[in-house]
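This is the structure, below, for whatever I ask next.
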Amino acid sequence: MDIGLIAQQTVNGLMLGLIYSLVAVGFTLFFGVLDVIKFSHGDMLTWGVFTAFSVYLGLTLIGLAAPVLILVIVALVAMAAIGFLGAAIAKVLIIPLKGAPPLNTLLITLMLGTVLRESIRLFYPDGANPKHFPALLPDWSHSWGHFTLRFDNALMLLTGLLMIVLVQLVIKRTKLGMAIRAVSQDEETARVMGINFNLVVYVTFAIGSALAAFAGVIYVLYYNELSFNMGLLLGAIGFSAAAVGGFGNIYGAIVGGFLFAMLQSIGAAALPFASAYKDVFAFGVVIVLIAVKPTGILGEKETERV
Amino acid sequence: MEKKVSALSVRGIYTGYDRADVIEDLSLEVEEGTITCLLGNNGSGKTTVIRSILGLTPPRAGRILFHDADITHLATHKIVRLGLASIPEGRKVFPGLTVEENLRLGGYQEDDKEVLLARMQKVYALFPRLEERSTQLAGTMSGGEQAMVSIGRGLMGAPKLLIIDEPSLGLSPLLVKENFRIIQSIREQNITVFLVEQNVRQTLAISDYGYVLSKGRVVAQGSADTLRDNEEVRQAYFG
Amino acid sequence: MQNPLLSISNLGKKFGGVTALVDLDLAVPRNRIFGLIGPNGSGKTTFFNVVTGIYPATSGTVVFEKEDITRFSPQKVYRAGVARTFQRSRLLLPLSILDNITLGDHSQLENGLFFNLFRRRALAAQYRQLLDKSRDLITIFDPGLADRIFEPVVNLPMISRRRIEICRALISNPKLLLLDEPSAGMTHEETHRLIDDILQIKDKIADLTIIIIEHEMSVMERITDHCAVLNFGQKICEGTYQQVAADPEVQKAYLGVD
Amino acid sequence: MSEPSRTHASLLPSVAAVLAGAVYMVFFLAGESQMVVFGLLVGAVLALAAFKHWRVLDAVGQSARDHQGPFSIVVVAAVAAVCLYFYDDAFVLFLLGTVLVYVLTCLGLNIQFGFVGVMNFAGASFFGVGCYTAAVLTKHTALPHLLIIVLGGLLAALLGFVILIPVLKTRGHYAALVTIAFALLFKTFLEVNDTLGGPQGLKAAGLNLFGWDVGRDIAIGDFEGSFYLGYIAVILLLAILGFIMARRMEDSWIGLNMDAVRLDETVSACFGQSIPRWKITAFTIGNFYCGVAGAFYAMMLGYIAPTNFTFGDSLILLSIVILGGLGSLWGTVVATGIVIIIPEKFQVLQEYRFLLFSALVIAILLFRPQGLLPRPLRGYRTLKSLPGKS
Amino acid sequence: EKVQVAFIGPLTGGVSAIGVGGRNSADLAVRLRNADPKAKYEYELVVLDDECKPNTGVQVATKAAADKKIIAAAAHYCSVVALAGVDVYHKFGLPIVVWGAVHPDITYGNDYKEIHRVNGTMINQNEVAAKFVKELGYKTWVNLYDTTDYGKGMNEYFSKYLTANGGKILGSFGVTADQQDFTAELTQAKKLDPDVIWFGGLTPLGVRIRLQMEKLGLTSQFQSCSGIISDAYVTGTGELAEGTIAFREGEPVEHLPGGKWFMEEYNKAGYSEAPDAFGPFAFVAMNLILDTIEEVGPKRKAVVKRMENIKDYKSIVGAVTFDEHGQNISPAITKYVVQDGQWVPWQDSEYAAGKRQLKRR
């Protein structure tokens, strides 16, 4: 295979990996704070994207024309709105269930995902059909043979990674981060330390959900398309990435996300069988990896002793 | 006569878990600057009293006052922020956090890094083992080492009232003695102590006042000396 | 020593940088109560964990009944006749007292799929037998618990849980019983009742050796025939309780007599 | 020493409850209009709330637990009666048959998840293995169909071994990942690959039992009933068998061992349990249930395709198990009824039905976090009633 | 006397837009009929959701077929579901008219008299398509198709006719129906540098592929099939839709007098969703059912018998004539191209007139 092609596939894989990673970081956060899988995470992303789209339409309606300004507003509003939604979900659905078996949370967020998805399909104008999201970043690009490097891709990649680093810093370096980790270990004792449990959960869900919206904005800038069920598979892959990287570890989510994207790219481009098998290949490798490293690549350390 | 100030006042509380009440019509006072102890058999409800005070299992009826502020239905973190810290029963450390992180969480209310560092040094001086193992995950420490973490974490705060639930559980005799010395020194820093312990002889030796709990009710109370001489208490706890 | 039940030689255990056991040599005689004491973090629990196969030994050997069990899995150690309790009580909280005790008798039960699904009458017979056995056992410790044998253990206070845990370890008639701080958190009176119960059981079961870890010295004094003291994973002293308690090193490191 | 001193409850409340349930089902299933269906649904919720308030439900539960055997027989009789009531309504019978198929499947998942704690997010895949087995074998071989149903179960169990190693090595969410990956992989594999019909799927022959073509309408004397009665008879029998086996498993040392493995692997190991053994047992038996149910379903349905075995379908199966209450066998039965029948009854709502259904499940979970019928403590009740020397 | 007729289609899930559009169109047919004073009966439409899943399909098929009050049904957009349902309809004797599913076997895979179809099969469409694009002068193709029955079938027939006509397929990629990222496949395609990228599948994927082609700087002509002929494709791709070519059975609705009338009535009725690509077919299917019932009365057997020889039935998608399998044999295939944000029949377009150029010609 020639270099240009490889370079192109690498960039493709990086972009895909970034999106997966961003989704996976969200899963890791929720898992980190409440030990729950939030299966509606992918659909939160969809809501983020549709919020962004609506804001975009609104802004163009009032005549705003500067694309970069639009983009910034769109992204901020989407993140704020979905962050708020995430906190609200935590309040109404997650915290009331914290005494119940953890699987109930899984089921309830699963159902919530359906509610979110179906609401868009049914109540968003023409929600059942895919929509076009305009390119808001300048479309400068440069080509070398089969390889086209686009400025906007590079920018997105950078912002995305920056975002992840930011979240990582918040978790590792701030009091909030410590509170999040304490809450995940032992809710009651955390409260006895003076930590406001509910607040920590709200904030975590807000951050995780805002991150989903952010991932959504990146997604839609990259693919220029949105549809009501885009979050479904993205959620499943994000979860897989978080797990294969090792839950509770943000670097694990990154590793998992890029790994998954890489596997899919290899499956589609470099292996002799049909490209449709790429998911079979990627998930197959994931199963094998988990068999070898049962708590993910950067797995959690064993903390239990007898 | 010196004026007595009540740091904690529990008035006629009823507390239970799912069904029956474990605590029935229980009242007690903890005077400021004293060590007050709560004695009782296993399962008599001592921990439940503490949970009620901390708002973890709020009482069904009755009132709890902390320095005259009604904390009966306050959220735990708010109660704690009023100046009430605790060393919980059963070495409840954060297993997945390191020893140092556990200690830092004990000083969660304190923002001044210097102060925290000084306190941590003090804890390390008391329990050198913790300094040695500051990066070990607390969950992998031995039983007694976890007790040290839990006590050290309690010392990291600067409360007005410290509630301690069976601190010497699983500590070696040497450390048990050390532990009682620490509690005494806490009082000397003008921190009120409310203590639950099974080690009755030593507890009464350092306490000012005590309550004896049986099946969720106070069955005896008095100054430490009177309790020590109480025949029933002797039988049950000294053998 | 003639024919010890358990003999440990050269046993070592490391956790990363932490050395929990170093070159430990021990011989535990049959039919005795053997005490293990030592400061916090000196490796006592780790010793239990290595013997029962939860942690693999880093070096050395564990010989039980002339069989080298160093590399045995926990299951095999149990089948060889070693039962234990845990420093932090580990019961199956949602299950009933009966279930928790029954679990200890795993080796005596028929666990085959066919037997359990289709030979229901034989199973029922086994069940009744076990029910009686469990009741009798728990009655020794606390008759009150025998009446509540179908209730979940989650609501029980710690003392009851510890008793149930000991019953769980005893029901299979092990040759070696490992008790890790059984009296922790009990009052004086409760502790001594527990010791009475243990001694009573010990009398009933002909061939039972017990290793007990305790920080409550009155217990050690009353119940042990022989004691070993660990410090920093090493044995620093061995003998009767009176002997080890008189040892200056033990006093300094552990008892705090100044 | 005696049992906890509680008087034996009478059988009456539970029988009354089953009868009421059966009558309700008849009305609910026969209800056509939007108004009737909603009225019945709201009525049921209100009635349950009221009964709960008056402690009627406790009495029913106690009565049912004290009389396992008779209670179960009454339930089966009631189900049979409801089916016979709709003897010529092919659609209602088909729906009831589907419910029974899912009951069997979810019992299997409950053994895996509720008993031993292995979360299986690929239930629909193993179900699908059964379906495909039936479709292929009925077409290409002359094997007796009953044998094919069993083979469906065996093959599903066998395929489970593909992911056995990671399932054994992992716990919790990591184990979930393994089965999720398997579910996604399985469906894609079926679609991409043409040997098993590809995305278009396969036809499956109808069930034929020892020369009895179950797909033919039933005529006995003057009685003329839909052929689905035959299918229901068969699947009812299979479901009962599955239920009895699961119940026996629960009330035996196996159930105890599985509970122990689920709750604390370290303790289990220290008391001689082989953790892999019980995980493999539960996983394999559970998949066997799925496969058997699948094989039967393919024959009843007549046509199968990969889109029936998606990750989403697995999630529905798992929802049933959680909704019913983990490890609760009767809970599974009730939850299956709700999850299968209500969306169908919501057909009048057309495109809004999934939305409402999801909202309904959320509401149930919020108000009933332990599941509809939480699993009672093991009381070895099925053993106690057995005669025998002790 | 109230007569019940049914509509079955996917109202939930990924292709629900088409299903809901079809439902509205069928509903329109019934409404118009009920408003018609000459109508002999009053009709009631029973709507059932098959979710585009065969098991649900069989379930609702059974529901409709077992309900003797329902005389006939306009059914199915998804081929798998139709294939799963035909046995049920036959068993219970319910006449159906398929309004969207394109798999040949639905009609040709059996001899059931109850099954009819107003739209064409994927065979006709691809035969015409292959010939047409070859004649436009293109030489090389890269095929992408989704691995559903629809995409795979399309790929099979298109490839067959294309190679028969001398076209060269440089590579073909199956993709899963919920796939979002096609950059890996398209990068490969870019290297192969074909004249045309052909896609067999439905709108959502079509949109994604067209957009991602642009991302990667792929300048080949984009060609697809009936699955993407929808307003959603145009709105989803924006300006990039321009010049996309695709094919659909039936005469161009907008050409037939009935077509305009249909759109007017549809808008008048005030449905909140568009009829979408197959709305007209659903309308025709339902109308055919209603006409037949009017003619022979509300009896299933009579309807089946009458439908055996439907010939030159005038409809908004052209004349309908059933062959012995119930397949409409007269569907002309219309070639479409997107021009200024509209699907325009090729012959009316500026492309045909030579005013605009497709890519790479």
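Every chain is named by a letter (A, B, C, D and E) in the order it is written, and numbering of its residues begins at 1.
Methods note: contacts are C-beta pairs under 8 Å (C-beta built on N, C-alpha and C of every residue); 3 or more make two chains touch, one makes a residue touch a chain.
As the structure is a prediction and not an experimental result, all values here were calculated from the model.
Peer 1: Please give the intersection of the contact partners of subunit B with those of subunit D.
Peer 2: Expected: A, C.
Peer 1: Relative to subunit B, which chain has the most distant C-alpha mean position?
Peer 2: Checked the centroid distances; the maximum from subunit B is E.
Peer 1: How many angstrom lie between the CA centroids of subunit A and subunit C, rounded to a whole number?
Peer 2: Subunit A and subunit C have C-alpha centres separated by 49 Å.
Peer 1: Round to the nearest whole Å and give the separation of the Cα centres of subunit A and subunit B.
Peer 2: Roughly 43 Å separates the two chain centres.
Peer 1: Distance between subunit B and subunit C based on Cα centroids, please, to the nearest Å.
Peer 2: Subunit B and subunit C have C-alpha centres separated by 30 Å.
Peer 1: So, what's the distance in Å between the C-alpha centres of subunit E and subunit B?
Peer 2: Inter-chain centre distance comes to 75 Å.
Peer 1: Of all residues in subunit C, which are in touch with two or more distinct other chains?
Peer 2: Those would be 45, 54, 86-88, 90.
Peer 1: Hey, what residues on subunit D touch two or more of the other chains?
Peer 2: 188, 191-192, 266, 351, 354
Peer 1: Which positions in subunit A touch two or more other chains at once?
Peer 2: Within subunit A, residues 118, 121, 274, 276, 279, 304, 306 contact more than one other chain.
Peer 1: Got a list of which chains touch which?
Peer 2: Inter-chain contacts occur between A-B, A-C, A-D, A-E, B-C, C-D, D-E.
Peer 1: Touching subunit C in the complex: which residues of subunit A?
Peer 2: 306
Peer 1: Subunit D touches which residues of subunit C in the complex?
Peer 2: Checking each residue of subunit C against subunit D gives 52-54, 73-75, 77-79, 83-84, 86, 90, 92-96, 99, 102-104, 106-107, 109-111, 113, 116-117, 120-125, 127-129, 132, 135, 139, 146-148, 150-152, 168, 172.
Peer 1: Which part of subunit C faces subunit A closely enough to touch in the complex?
Peer 2: 45, 49, 54, 86-88, 90
Peer 1: In their shared complex, at which residues does subunit A touch subunit D?
Peer 2: Contact set of subunit A toward subunit D: 31, 37, 93, 96-97, 99-101, 103-104, 106-108, 110-112, 114-115, 118-119, 121-122, 236, 239-240, 243-244, 247, 274, 276-277, 279-280, 283-284, 286-288, 290-291, 294-296, 304, 306.
Peer 1: In the complex of these two chains, what residues of subunit D are touching subunit C?
Peer 2: 1, 3-4, 245, 248-249, 252-254, 256-257, 259-260, 263-264, 266-274, 281, 377-380, 382-384, 386-390
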